[in-house]
Amino acid sequence: MKIGKNTVPRTAICTSNEDTIVVRGLDLCQDAIGHLNFADYFFLLLTGRRPDAAASAVLNATLVAITEHGFVPSVQAARMTYAAAPDALQGAVAAGILGCGSVILGASETAGRLFVDVAQRVDGGIPQAQAINDALQQLKAQRQPIPGYGHPLHKAMDPRVARLFAVAAEAGADLRHVHLAQAIEAAIPAVFGKDLRLNVSAAIPAVLLGVGFPVQSLRGVPILARTAGLIAHLAEEAESPSGFALSYQATRELVYDGDAPPGFTPTGSPR
Amino acid sequence: MKIGKNTVPRTAICTSNEDTIVVRGLDLCQDAIGHLNFADYFFLLLTGRRPDAAASAVLNATLVAITEHGFVPSVQAARMTYAAAPDALQGAVAAGILGCGSVILGASETAGRLFVDVAQRVDGGIPQAQAINDALQQLKAQRQPIPGYGHPLHKAMDPRVARLFAVAAEAGADLRHVHLAQAIEAAIPAVFGKDLRLNVSAAIPAVLLGVGFPVQSLRGVPILARTAGLIAHLAEEAESPSGFALSYQATRELVYDGDAPPGFTPTGSPR
Amino acid sequence: MKIGKNTVPRTAICTSNEDTIVVRGLDLCQDAIGHLNFADYFFLLLTGRRPDAAASAVLNATLVAITEHGFVPSVQAARMTYAAAPDALQGAVAAGILGCGSVILGASETAGRLFVDVAQRVDGGIPQAQAINDALQQLKAQRQPIPGYGHPLHKAMDPRVARLFAVAAEAGADLRHVHLAQAIEAAIPAVFGKDLRLNVSAAIPAVLLGVGFPVQSLRGVPILARTAGLIAHLAEEAESPSGFALSYQATRELVYDGDAPPGFTPTGSPR
Amino acid sequence: MKIGKNTVPRTAICTSNEDTIVVRGLDLCQDAIGHLNFADYFFLLLTGRRPDAAASAVLNATLVAITEHGFVPSVQAARMTYAAAPDALQGAVAAGILGCGSVILGASETAGRLFVDVAQRVDGGIPQAQAINDALQQLKAQRQPIPGYGHPLHKAMDPRVARLFAVAAEAGADLRHVHLAQAIEAAIPAVFGKDLRLNVSAAIPAVLLGVGFPVQSLRGVPILARTAGLIAHLAEEAESPSGFALSYQATRELVYDGDAPPGFTPTGSPR
């Protein structure tokens, strides 16, 4: 069935013949395998450009920073899925990735769009303090959270933030969006009446935008990183199962607040 | 609900307090971010060991080798999914990953198990030629394909195979499984009556097993690699849509061979 | 890790003890199995109410109407996924469902929200013609499509639309949203300068809203329906494979418009 | 890229022209919408045959029986996924479906294959008691569980089993596989030294095989049923969130048994 006007697929990423696989204009075997590390190759695929040293350092650092943070919800979902369907590793990884949505890992993208938006207003001649205040007031008026600020565990300072900013500075990355992110952090109390510190979801776009990583693909960074973390967790799950134990623990205090037929009594303690 | 005996989840991968995130015994911020590239960190997470130089070189090379190979079925599935549901990048990536199954990308794991199996028989005192012949005869008797041998496009030699073997040799990796993979290739014609050349799904485990990558997690390598490739394709899809064009082209020669009510005539050319 | 304020899970859907499974206040075995058809049970689970005769007729009709429409993109994605990973039926179904997004099947939900929005404005005292005109002008100003109007194949009238409206009328459903949907169709040419006929994605909410189906769960209807269709397609795929043929056909006219190394020539016709 | 020999896709499920959608030889609008309930239409799509009264009763009953059983792992995975990615209902449903694997819901298919296998041996002249004993001894020798027998909660008798058998008997279904399932239950203690009672995953194939449901698609029944249950849970999750509470509870007793850097102390109680 024809949907839309375009009927011919096109791509500029990869082509091949019997002898050669071409990726972004390079010969995969001659120019990429053994020459680029995996994260750099990801940057090349995504942008069509080889990363410079700063981009390589910063992209690898951001990926390492968010690959793993313990039994977060997406890891739990993946481990429960693997416990139930151990023949399909790819299914358990997919279940975990599906949690990279707007609330949790997608905040990297939303924060990045905020930074780009404020930067564009500043480029258009609005003073930075005013551009920041406008953006925060708008979020407040719409009762939306500030993407990338606040963290349930690290109340004071997510330690990954400082480290990512240090890596970016050492690598010689453009720090404009880092400074912007910090200026937003400083402006939050006046608008929202409380401290909300930069978390890793804001630090990631702040450093990546300074090395030419495209804002449209920011959500790809946590997705790729978490895929690596999920594979490690599923290897542990295969050796030392926790998936069903997690689901058991999760419901020990479950409250049923619906109706029941006359005479029905729950068994012993709540399940 | 309690399923199985274990009711307490356990992990040795990650823990944290308010100041420190610990991953495999390291301080994530002090020891990993900015010090390890992403693939090396993946190796650490998976095995609990820092990769040596050979492991780093080989793992990065295998990931780069299979990240991208054009509009393969999983890329098409992901692009069609994105075209229909562009708000959920993670969903389109997941749809692509779900194709990393036993037939296509899972062949890396199956080939790896074959190599480990033959190597163990050799360690047990069976001459290598006999161990290989036994394994091939068994596959033939079960009418199963030889995992990692044969390729629809690269009839002669998949160029990635030679390159991965060269990288492994240059990096000083243990080449035992590489030599085994080549010996199997040489033995195939006598058993199966035709040439089936090593493809990248056999080359990957052949080099990774020589640097201590766990055979149980081999399927994780194509899953992680393809995730990176899918993110790049979906970035292109967002700019230059092909998803619906692919689905249109796919059905231009579709044959309907079922029943139809009296008087029903298909419209014009088949759809 | 604690995310958000709520730390105790709650539910009003189901509880059980060793003898009895309670669902929405009913004893599953005594009151539901053998007494309710599957779609009616879905309605009960979702709303907490048993459907009346009109709701049963209309919900079953909408589910039947959109379960199947040939090799749509989500079916293609599922069949390709199954061809690559035949051990995991659930993975192929999931890949297909992931295409139930905002552009294609999610249009049912978006159209439903449009009808509810216009109906609320009318309830608030705005004449219906004005409320409709306002809504259409707003979509036009935002350059958004009108959800549920227009269809690539059925230019004149999607035959499912008339049939669903007839079923709703025969069943004695409240037809308010049906009439609203038709009034919107009639008003489109004046605002957009072209005819866009009601398609099945508008007909579904139009009839379901008249039998008390919750607007928040409208996207669940195509998701559930397509799951049934996908399972049928995957049963056919297991017997008569088309997945790889689809991916082959899809790329026969693929255009590569990126760079290539000096001397690279594509093999024969484009792939 | 060409994979396999078949290059032309084929289907016998659905075709259409501008006026008519044909499904399994019927005119969708004239013959199906408003005439068949959803489960019956699923049967038609899958088998090409309209279900008789017994098939309709039994299929609807099995779907109702397993749509919902509380906060099982797949529901938890879906609710956590929705909490993290609320914009993509389809993603959360997909995450839940991915748990319909070999261990949990896939047991319906495995049990069905066991029944068909034993029935075929009996048809071949082997006495039923011997055929059952052979099958059980084989499972014991391979240290495999008996698919569809035993249940963590309902130690005595899963109440859904008796109800499904009663529905099948009342509907006039062929009860051969029901009797076989009961004979296997009776034979288990002698072989395995313990009672393992029929659970719903064995009852489903036992009744469905008696109404002509194809054994190859048995896993589709729990997948379709659970999709309906997941949609209801996600509607509740949208109104009354439990996803993050589940993940918090799940890790309250989490044990970290890996290494930590010198001086690292976990915060307060284990998380």
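Order of writing sets the chain letters: A, B, C and D. Residues in each chain are counted from 1.
The rule we apply is simple: a contact is a pair of C-beta atoms (placed from the backbone, for glycine too) under 8 Å apart; a residue touches a chain by one contact, two chains touch by 3 or more.
Computed from a prediction, not measured in an experiment: that's the story for all the values here.
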Smallest count of steps, each to a touching chain, taking chain B to chain D: 1
Comparison of A-D and A-B by number of C-beta pairs in contact, larger one: A-B
Centroid distance [mean C-alpha coordinates] between chain D and chain A, Å: 34
Where chain A and chain C are represented by their mean Cα positions, the distance between them in whole Å: 29
Mean-CA-position distance for chain B and chain A (Å): 23
For chain A, residues that touch 2 or more chains besides their own: 1-4, 8-16, 18, 20, 30, 69-73, 83, 85, 87-88, 90-91, 94-95, 98-101, 104, 106, 153, 244, 246-247, 249-251, 253-254, 271
For the chain D and chain B complex, residues of the former touching the latter: 1-3, 8-18, 20, 22, 24-27, 30-31, 48, 70-73, 85, 87-88, 90-91, 94, 152-153, 250-251, 253-261, 264-267
Chain C contact footprint on chain B (complex, rising order): 70-74, 76-78, 80-81, 83-88, 91-92, 94-95, 98-106, 243-244, 246-247, 249-254, 271
Chain A contact footprint on chain B (complex, rising order): 1-4, 6-16, 18-21, 23, 28-30, 32-34, 36-39, 41-42, 45-46, 57, 59-61, 63-65, 67-71, 83, 88-91, 93-95, 97-101, 106, 153-156, 159-160, 162-164, 166-167, 170, 214, 216-217, 219-220, 223-225, 227-229, 231-236, 238, 240-242, 244-249, 251, 271
